[in-house]
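Should a chain be cited, it is by its letter among A, B, C and D, assigned in written order, with residues numbered from 1 in that chain.
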Amino acid sequence: EKDLTRVEIGNGDGDGGDGSDADGTIETDSPLPDDLTRDSLELPELSEPELARHYTRLSQMIYGIDSGPYPLGSCTMKYNPKFTEDVAALPSAAVHPDRSEASVQGTLELMYRLQDYLGRIGGMDAVTLQPPAGAAGEFVGIRVAAAYHEHNGEGGRDEVIVPESAHGTNFASAALGGYDVVSLPSDEDGRVDLDALEAALSEDTAALMLTNPNTLGLFERDIAEIAEMVHDVGGLLYYDGANLNALLGRARPGDMGFDVMHYNVHKTFATPHGGGGPGAGPVGVVDDLAPFLPAPRVRERADGSKANEPVYELFEPDHTIGKVHGFHGNWLVLIKAFAYIARLGDEGLADASASAVLNANYLAERIEYDVPYGPFHHEFVASAGEQDAADVAKRMLDYGVHPPTTKWPEIVPEALMTEPTEVESKDTLDRLAAAFNAVVDEDGETLADAPERTAARRIDQTSAARTPRLSWQALDDES
Amino acid sequence: EKDLTRVEIGNGDGDGGDGSDADGTIETDSPLPDDLTRDSLELPELSEPELARHYTRLSQMIYGIDSGPYPLGSCTMKYNPKFTEDVAALPSAAVHPDRSEASVQGTLELMYRLQDYLGRIGGMDAVTLQPPAGAAGEFVGIRVAAAYHEHNGEGGRDEVIVPESAHGTNFASAALGGYDVVSLPSDEDGRVDLDALEAALSEDTAALMLTNPNTLGLFERDIAEIAEMVHDVGGLLYYDGANLNALLGRARPGDMGFDVMHYNVHKTFATPHGGGGPGAGPVGVVDDLAPFLPAPRVRERADGSKANEPVYELFEPDHTIGKVHGFHGNWLVLIKAFAYIARLGDEGLADASASAVLNANYLAERIEYDVPYGPFHHEFVASAGEQDAADVAKRMLDYGVHPPTTKWPEIVPEALMTEPTEVESKDTLDRLAAAFNAVVDEDGETLADAPERTAARRIDQTSAARTPRLSWQALDDES
Amino acid sequence: MHGSHATGSPYAPHTEEDRSTMLEAVDADTVEDLFDIPDAVRFDGEFDIDPRTERETRRLVRSILGRNDEVTELLGRGHYGYYVPSLVDHLADRSEFLTSYTQYQPEISQGFLQALFEYQSLLVELTGLEVANCSIYDAATALGEAATLADRVRATTGHRVLVPEPTLLREERRSTLENYVAGTDLAVETFPVADGTVDLAGLEETIDEDVVMVYAENPTVRGAVEEHLAEIGSLAEEHDALFTLGSDPIALSLLQRPADVGADVVIGDASVLGLPTSYGMGLGLFATREDYLRQVPGRLVGVGEDATDRRAFTLTLQTREQHIRRERATSNICTNQAWVALRTAIHAAALGPSGMVDLANRGVTRAATLADRVDEIVGVQAPVHDRHHFREFVARVDQPAAAIAADLERLGFAVHVVGEHEIQICVAGVPDERLDRFVEAVEEVVR
Amino acid sequence: MHGSHATGSPYAPHTEEDRSTMLEAVDADTVEDLFDIPDAVRFDGEFDIDPRTERETRRLVRSILGRNDEVTELLGRGHYGYYVPSLVDHLADRSEFLTSYTQYQPEISQGFLQALFEYQSLLVELTGLEVANCSIYDAATALGEAATLADRVRATTGHRVLVPEPTLLREERRSTLENYVAGTDLAVETFPVADGTVDLAGLEETIDEDVVMVYAENPTVRGAVEEHLAEIGSLAEEHDALFTLGSDPIALSLLQRPADVGADVVIGDASVLGLPTSYGMGLGLFATREDYLRQVPGRLVGVGEDATDRRAFTLTLQTREQHIRRERATSNICTNQAWVALRTAIHAAALGPSGMVDLANRGVTRAATLADRVDEIVGVQAPVHDRHHFREFVARVDQPAAAIAADLERLGFAVHVVGEHEIQICVAGVPDERLDRFVEAVEEVVR
């Protein structure tokens, strides 16, 4: 499986070749003295054809969005348009982050335009593109809120309220920011319990983090009142952008009273998930919070244009929290998001949400599992009832589809959190529903044995975690 | 499987929109009068995500060179370097064939350089890049030979001699050129039978077509004598480039006395086979034949250079046979071939042949099937003996490898014509040998039932040919 | 890139150790010992081709091709630069498609076979003919193959192949056709044309029982829509000649269906969908009537059943082909343009039928609009022909056409010179704002 | 592109008929009826973003990015432009890799899990530490995570995090670190540096029992090879502080192995392999000792068995993570840089160990050679530091550095300005002939 080549590193005479890439020689004798180098390096040495086969084979053991439906609730696994890869691969996109502003006007312009697009879509006044993922965006929001309160002499606020059905990152991001997390229960309709909120809010409240529609796919109808309540105690309202795909062109966080939000471009704006990133989590804020955003941001230069083209520059917001990434975030991902938005425009974006909502409702109607609550927007949470939701998911693999997110939110027992997105056709939805409906009647043993038609069978997580083997080296040590 | 959309084509008011690609409307009302248009068009209408899945799924049902070894004798299925795709995709490569010569100097320079490379590699004086495939190259060779003889007042020569073990295209190309094909038997060592050749040669001989090493992988040791014999009767010697991968840097057709040859760039120079093309079959000739090559060719302009760069131009050889392709052949394929040669250089090309020959010999040694003749160069032909070679091939599929070419050349009973190429590692060759050796002991029934582990099982060719159904429409008509 | 083999082929994997082991196994001291080449024909020189790193090679090609000028091409005449959706590249570049061989082992090639089957089906719908092969090299060679097919299927002893006069048939197609029929008794002759299309009366005078095939194109190479296809078809039929029609998938999406006008064979370049401009690289479209099925050149994908009676795709009727029939094959073609056919099929699928019809209609409208606009310029008359035009048209210029074209090229626009005072202009793939700038450029150069 | 949906999302497939059927099924008249949004917060405005065709969008982006000047970048300082083999793009762009989700269903994700497992194994060999996660965002955030890990694993009540003075730590990393520790009791403080590396005596004076972590880099951001790593490690150990070392996979291929110098954590940017320059987009490398396994941030791929006892890969120890542990997770990270890690793994595999060592050695040799050459120019002294250099070095210029850099930029070369009279020059990824021209350019601008 691994044919390791051990390269010994010696200390040569120090002239070390002429540095040409093409002289056809390999230097393993180092111009550095021995005490500054390692002794050897031992790794596989394979030819290009062998590598091509290795990774091609690995790719064949992965289910991607081009393999079939991928209805992971809250993940918005929508089709990733191929052309966005092409624009991100343009040679002109490959620039070093320390280039002078004058020489990367193209990059700055694209960033400026994307800031602007996102601001319009979210109803926000200022946007930073720096956070490299959704959770990083949350953390920026938390840090911005903290800096804002501090600036206003309210640094004592030490609580962030998070609904119990929220993404785990909300809790973790607030905690990373140093806040105590106050968990907020849902009401019987699956929405924010206003009485509980009232009870949770206080002068200690730094912020309430919400997503809307919430993780049940329900719109928080009382959002205006919620915003007022939070603002009344001096808190800020944070919008988790994970579910923004439900609202494009129909409602904007800024209009609902949110002060700060992040966008998941790898969800709403169709940049690929890449097996777990890179994503990007730009953050938008209302004017009051803009001075606290991370530095640098991009703006058009006030002192006019060059050759009739506007000139862009980086600037540091007055009370910036500083940086949350070594450079400018996941630039190549941002290009793809910009291209997606520019391609769809108002009508395309609005249609994306419309189709996503229609698809979720249609699928909810078609499946035989119980689907509590409603009406739904982009997703719904079915209950596996007496079945184990994780087993249901494994069994769905046998029917050739990707299963929904399971066991979360816990408000629904044995949750099957399902978000088909707008890209699925009616035929595919019917096929997906058929998979749900095939499993609904199956017995526990069948489910526990699933999957049986996949390359790997059910993997024992417990034993894998009990004896962690996290590298080839660890496996070799065993044998 | 097909959800057909029928688009009715009417005759609109004739203004037909503003021609913008972006106005978001679709015109099916034509500005043309009804009598110039068809009534309707009925084809599948799928979204981009659906198409991505369709073709991704299809790709998963194909064995490519990145899937594993592909030892098809005479096909030289070597690894296709990825970077050659990038250079062929350069925007600057996308030019129209009717561009002025001055504005496509880059294209002309690349063609000129490739002509030059190929000339050096084959030992030929002049090269045309026009033939779009190996068989097209053969046809050019035949036509050039005909034109040459005609020009010399020897148009009466009406025979082309082809060894019985030759590729089918040799026979067909000669026949397409209007020649009678004289089949030449092999001697007991698997090489050209000089007596038979002597008998076949006459004043009617226009040419002898040979490949060297021949399809058994054997070098025609008497090639100098063969050339002399052919030339003595006034015939020309044609080199089929299919097996050139065996000789790079070790021997050149031009030095052996060949007058005209084609190069299979999709074999020797690693351009991808693409499931059956596009290939390219440049043709090289000695000086005497150069005036007859297809038009246009590329040359450096005699009247000097522009800004220190040479200037290239197209020209028509004096007695050109004209054209064998509407434009300049498979241009994008030629770029890949150029890049491959430029990457490898002398040493790389020589090593490719060395490794290809070593691999063939090693594999021949490792397999338990009888391998008559020898010594081998890049390929060998094993005999399946009592087994049916085609069945052996089907059974090898079950062992996860691609089988060799079968039942040809007929000189070896139940031939397994095997060419591993230089890209296979020793490990892969051992695995391939193991597949051969697993099959060698299996019984006829097992073989006849093979393959059993593939997506499709053995396909009944006879019934498919008896009732040809060559389109979805034909299938629909049946049902 | 691959460390230890930097001095050999970067794509050959052997380490020195492997090589020794293998040499030992074959009982040889060195690899050179394996080469059974007499000294007299051994090559001990050098090619003088320097090896390069991958990066250097990429830079070399980029630098060479960088000498091509960036020009807006208003060029057509059989090769077009329609926009190819990114999807086509990404799907067709999957290595399973790109690197596989011809589907002689159908059990592990079902995906490619299905794609080619769908390509054939596309052509069946477009042409209305029952049989389409899964590719010829290009339109010119397809025309050659059509003539040899006509020669084979024609019962009589006719030997004339009629094609349009040079103004309506590219010299390259004619020349390729001549080469294809050089080994037969066929002779290529012309019939007259008039105002950018076939001169029907002239054809009627030219045709006789000795004609085996009549060839015409729609649209014609000068961009005119042929108005008398059915009459041409009837004339051919009356004289027992095959009617071969040249076209392409975009034109066929809108213009008269070949089967409806009596076409026996349709040829053309299908890569108008699927490829960008590529210096003439193409995809020969070849469709014909079921009657001639067993005389078709090239590969055919058919449907059969596997051992479990499930539907499966396979190359079929291979006994027509060179690897079996040798000198009696229907063609010498072996490697064809399969991967381009795949690209064409994907591009067509990406457009869908409404997209294809729309693209065709826009070609008509935009050409007409552009002709009107340049016609308004003093010193230019367009279109020259009193015909409907598809995607391109000929304009008359008062000044010498070559000079006008050279001036336009300096301004960044390429057009065809098709007569001393004629240029030809094609709108395919040219964005609207470029057309606007082109009109300005024409105004400037004729001033 | 997709005909009948040209006015909606081009990636949403419904025909009008589908839409009607589906609406009927959900008992709604229009899609708008499904939106349960109170009027008060309904948005009935427009974004004013025009839709574009795919082609127009590509041209738009190309046109915007076309405003970037083409410059030879002699830039480094934590982000490098090594050549990425074409193989990396072609394999990583396979849609199964690119479009899949995090591997929460390992049974259908074995390929990606194995690739990440191999990435972890690469880092284990490079660092000599037992545990590597399968990515953090970048080096700066990895540094932040290292500090919070130090905070968690340190038994005592220490609160000081020691980092180098600003000349040897990029402000961006320092600032990101400050944000990561803002919610803790940790305070970031500096220790002195001397001649481009750590001032060991100064560090000794600064460190005490209150220190939880010492951070140093090798090579330093000014390109110097740190000569006292083992001593730094010992100092940290003596004071019960973690030693966190910043580096990258190419440097680690050659320079001292972190485990050998007492490093407890290694962070850095691994995308030095796998990505071209990408305006700072990175791949946070994070490796540590097995002792701290259960405090590691981010995802880990482990090996387990499936129900048939065959080896299988899976995400493991997920109870550390936010989706299970919520506010008590080891990090808030969820989406990370998995696909970049894949690219890094492929690039490393393409180089192989000898290729990696060679690349590293060339970085040393070529930097030294270039320093010698510019040092010969009157008005330039290089390198400033009397150290071995890795891939980059600082040069002193007599004239103001900003002016020199601006002049060089006009000649097509970008360098860093790192002091009033200091520029920094990096050879990584710059072909030799460009370096020749760079030397000429320096000669010209200092004249």
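One rule holds for everything that comes next: a residue touches a chain if its C-beta (ideal position, glycine included) is under 8 Å from a C-beta of that chain, and two chains touch if they have at least 3 such contacts.
Computed from a predicted structure; not experimentally measured.
Each step here moves to a touching chain, and the least such steps from chain C to chain D number 1. Judged by contacting C-beta pairs, the busier of the interfaces A-D and A-C is A-D. The distance from the centre of chain B to the centre of chain C, with each centre set as the mean of the Cα atoms, comes to 18 Å.
The mean-CA centres of chain B and chain D are about 45 angstrom from one another, to the nearest whole unit. Contacts with at least two other chains are made by residues 5, 21, 24, 26, 45-50, 52, 56-57, 60, 65-67, 79, 81-83, 85-86, 347, 423-425 of chain B. Touching of two or more other chains is recorded for residues 1-5, 7, 10-13, 51-56, 58, 83, 85-87, 89-91, 93-95, 350, 352-355, 358, 431 of chain C.
By the touch criterion given at the top, residues 1-7, 10-13, 15, 51-53, 55-56, 85-87, 89-91, 95 of chain C touch chain A in their complex. Within the complex formed with chain A, the chain B residues making contact are 3, 24, 47-50, 52-53, 56-57, 60, 65-68, 79, 81-82, 347, 423-425, 427-428. Of all residues in chain C, those touching chain D in their complex are 1-4, 54-56, 58-59, 83, 85-87, 90, 93-95, 350-355, 358, 431. Against chain C, in their complex, chain A makes its touches with residues 5, 21-22, 24-26, 45-50, 52, 56, 81-83, 85-86.
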